[in-house]
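Once you scroll down, you'll see the structures, which are given as structure tokens.
Look at the two complexes coming up: chain A is in both, with chain B in one and chain C in the other.
Take a look at the complex of A and B:
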């Protein structure tokens, strides 16, 4: 079975992570409730004629994907696989509101065409003139993980060599406010702002110097804390990794009542540096690939920015990172990266 | 007529997301499709819906559109002659 390596990682997030070559050296204070992404100059990546119909998520996705391919020196991937929780919610809202406003008449095509969940994957493929395998996974907080698992399986089974895989979500204009109201009404709801972003990676079967390997990953829809602990133990045994081998834990903490899952997992790893990132990116269904970008950069640069440290000291060398994410006690995922 | 032309330019820029253009950039006789504003077939559908919704004009013959959407001036003349609202 072929191994899976990550050749490049690019993210557009609420932080200046796209144009800044430094690694989270300047932390931007993000708004308390809703944190839009720090948008790059799209003109460098998308022709104005094409971008005028694209909403934020499509622009972010196409731009991040283009840069991820550039960084990996790849022109034509064997597959384009996207994960998105809400899809193109901005155009969906526009289209649905126009149905109501116009009494189900006078519906225009643009918002409808752009509102489908696979718009990002399709626009990337159109731009590249790529007719290869193209798939979009929509599975709440496991959307990106489903896409990554698809990429992992395709590479392991030698059905593809180089794959563009990413996660993207946009805030939209309306529904996010309702979600925010619902969350605020809850006891110990999400304590970080709602965000958006696009994180793209090139996964490959080819190794390179100091390559970051996607050792393995696993997902689980529902489980209690004890089950998650047991699943994690089995996951590490399967991959012949001792608990002490984990140098850093990248956790999707968002401050809500379900952070107890992270506490439970953290208790298994006394020596690892515990990291968090959603206070920088905001929470959204595809925030976890921002965490994977963080892990990739840490392994490549061998440094951990202060803003990411939740608990513990940074080790001199960082070889193995475990990512764990869940959303509201559901959609658990483990991703194991090694350099 | 001048007001209608101005209104059409504003609507076209807004509804077709022509981020690159301001009203002043569009001359009354500029071609809307091809070398002018560079509109395409999806924009044509948007314009057909706009004619129906805002001016009560239903285009039944697609060949008509080619002539009507030639420029802002031609479009404004057509609307003035055929509008029902």
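Take a look at the complex of A and C:
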């Protein structure tokens, strides 16, 4: 079975992570409730006329994708696979509100066309004139993980060699406020702001110097803490990794009641540096690929920015990183990266 | 041979079971008619393929509690998925590593469009805030079916369900799952009706796929699922195999966000990939269940692609969209079910409302119920964003 390597990682996030050669060197304080991304200068990536019609998610997605391909020196991917939890919510709200406001009259197609969930994948394909495999996953906190797993399958089964895979979500203007309303009413609700962003990667069957390998990944829709512990143990056994081999643990903590899942997993890895990231990116359905970007940069640079450390000391060498994410006790995912 | 299909379930405008759908297809009875369940100013100007059961009736049949927050996507999906499991004689999903992969474009929009302006203040409406995103209905169906392992949702516009079927097959082949329920669910919604209205591709008459004077599509709603199982289960449990999924292909037209290219490149590539995987020559395909939405653009582009693949001797083909309407994300699996019925019954179903051929290509679809020997059926599904997918089903 072919191995899977990650050749590039790019993220547009609430932090200055896109037009910055440093790695989370200056942490931006983000708003308490809703944290928009730090948008790059799109003019370098998208023609202004096209850009005007695009919502935040499409712009972030196309831009992050372009840079991920550039960094990996890849012009024509064999597949483009996207994950997005809320889809193109900005244009969805726009079209829906014009239906409501004008009582179904005077509607124009642009917002409807761009509200389709596969818009980002389609726009990337269109821009590259890429006729290859193209897919979009829209499954909450497993949207990106489903896309990554699809990429892993395609490479392992030798159906594709170089794949562009990404996660993208935009805040929108209205439904996010209702979601926030529900969350605020909860006992021990999410303690980080809601955010947005785009994280893109090139996955490849080719190795390179100091390559980061996607050793394996697994997802699980529903499980209790004990089941997750057991699943994680068998996941590591399957991949011949000892608990002590894990140098850093990247966890999707957001401060809500379900962080107990992370506590339970943490107890298995006494020696690993425990990291968190959602206090920097915000929480959203595709925040987890920001965590994967973090892990990729750590493995490449062999340094861990202070802001990421939740608990423990940094090891001198970082070879293996395990990522675990869940949302409200569901949509669990493990990603194992190795340099 | 491909991946074994051991069960199927469907609810569409032409029936609430596989049996009822089959009866309508055999009798050339269309399900296209006036819109009933949705309040819209467009009612008089469109024809749709609507499922007769209301949400209340569906909830009752599914024995859901009165305060449930299933949207219509979830209700139709659960209805069809339960039927598929029953058809495959599956009592529990706990005995095998089981996945659920479904497709939708509407997600929870049918409720969001009713309650958006009440979300801030109306406590009763607030249960539909969390049901807006596409994964919510999927999760509810998976919960009801006790599927806890791999659950995901695909949305590539009108090719979505074909991609869900494809992913399920790849996961069975890779040994990641032993059993997977694959398909899609898409209800009608005011949002989609108005969206297609702005694109001016909805017909006010029953649609006429591949006809020279076609006026556009009729939207429809449906949910359908297939059960795919590993060869090991099939052998061990001596399962009845309905058909095999022997090939599939996914390509992108990379031409325009909503329109298909003149040479049908995406469709051509998808069919070519599927044939290659199935190890079949084009002349071994006995019937093509075309995407055939009856829009001027799609049918011409698809006709060109069919001619590029099959040359002058194209196989029998028809679009069944004039029976069901275009069921968007569900279309790929609705037509997968029809393709399997074709193989089981050794019957090609008619392309209703066809009168004269498109002048550019001269292609003439099958217009009546035809009994013939069928070994391999090819089914196309294409969507916005250039997403093109092809599936090939082979006789068990």
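We take it that the second predicted complex is superposed on the first by the 339 of 339 C-alpha atoms of A that agree within 3 Å, B and C clash if a C-alpha of one lies under 4 Å from a C-alpha of the other, contacts with A are read in each partner's own complex, and residues count from 1 in each chain.
As a working rule, a residue touches a chain if its C-beta (ideal position, glycine included) is under 8 Å from a C-beta of that chain, and two chains touch if they have at least 3 such contacts.
These numbers come from a predicted model, not from an experiment.
By the touch criterion defined above, A:179 lies against chain C but remains apart from chain B after alignment on the C-alpha atoms of chain A. Residue contacts after overlaying the shared chain place A:119 against chain C, while chain B stays out of touching range.
When the two complexes are overlaid on their common chain A, residue A:156 makes contact with chain C while staying clear of chain B.
When chain B and chain C are set side by side, the one touching more residues of chain A is C.
Applying the stated contact rule after C-alpha superposition, one finds that A:102 touches chain B and leaves chain C untouched.
Of the two partner chains placed by superposition, only chain C is touched by A:285; chain B is not. Shared interface residues of chain A, touching chain B in one complex and chain C in the other, are 105, 107-109, 113. The residues of chain A lying in touch with chain C in their complex are 80, 85-87, 92, 95-97, 99-100, 103-105, 107-109, 112-119, 121-123, 125-126, 128-140, 142-143, 146, 150, 153, 156-157, 174-175, 177-179, 181-182, 219-223, 285, 330.
Contact residues of chain A toward chain B in the complex are 48-49, 51-53, 102, 105-110, 113. Interface of chain C with chain A (complex): residues 40-42, 104-105, 107, 109, 112-113, 116-117, 119-120, 126, 129-130, 132-136, 138-139, 142-143, 147-157, 163, 167, 170-171, 173-174, 176, 190-191, 194-195, 197-199, 250-258, 265-266, 269, 383-387. If you check the complex, the residues on chain B that touch chain A are 15-20, 38, 42, 45-46, 49, 52-53.
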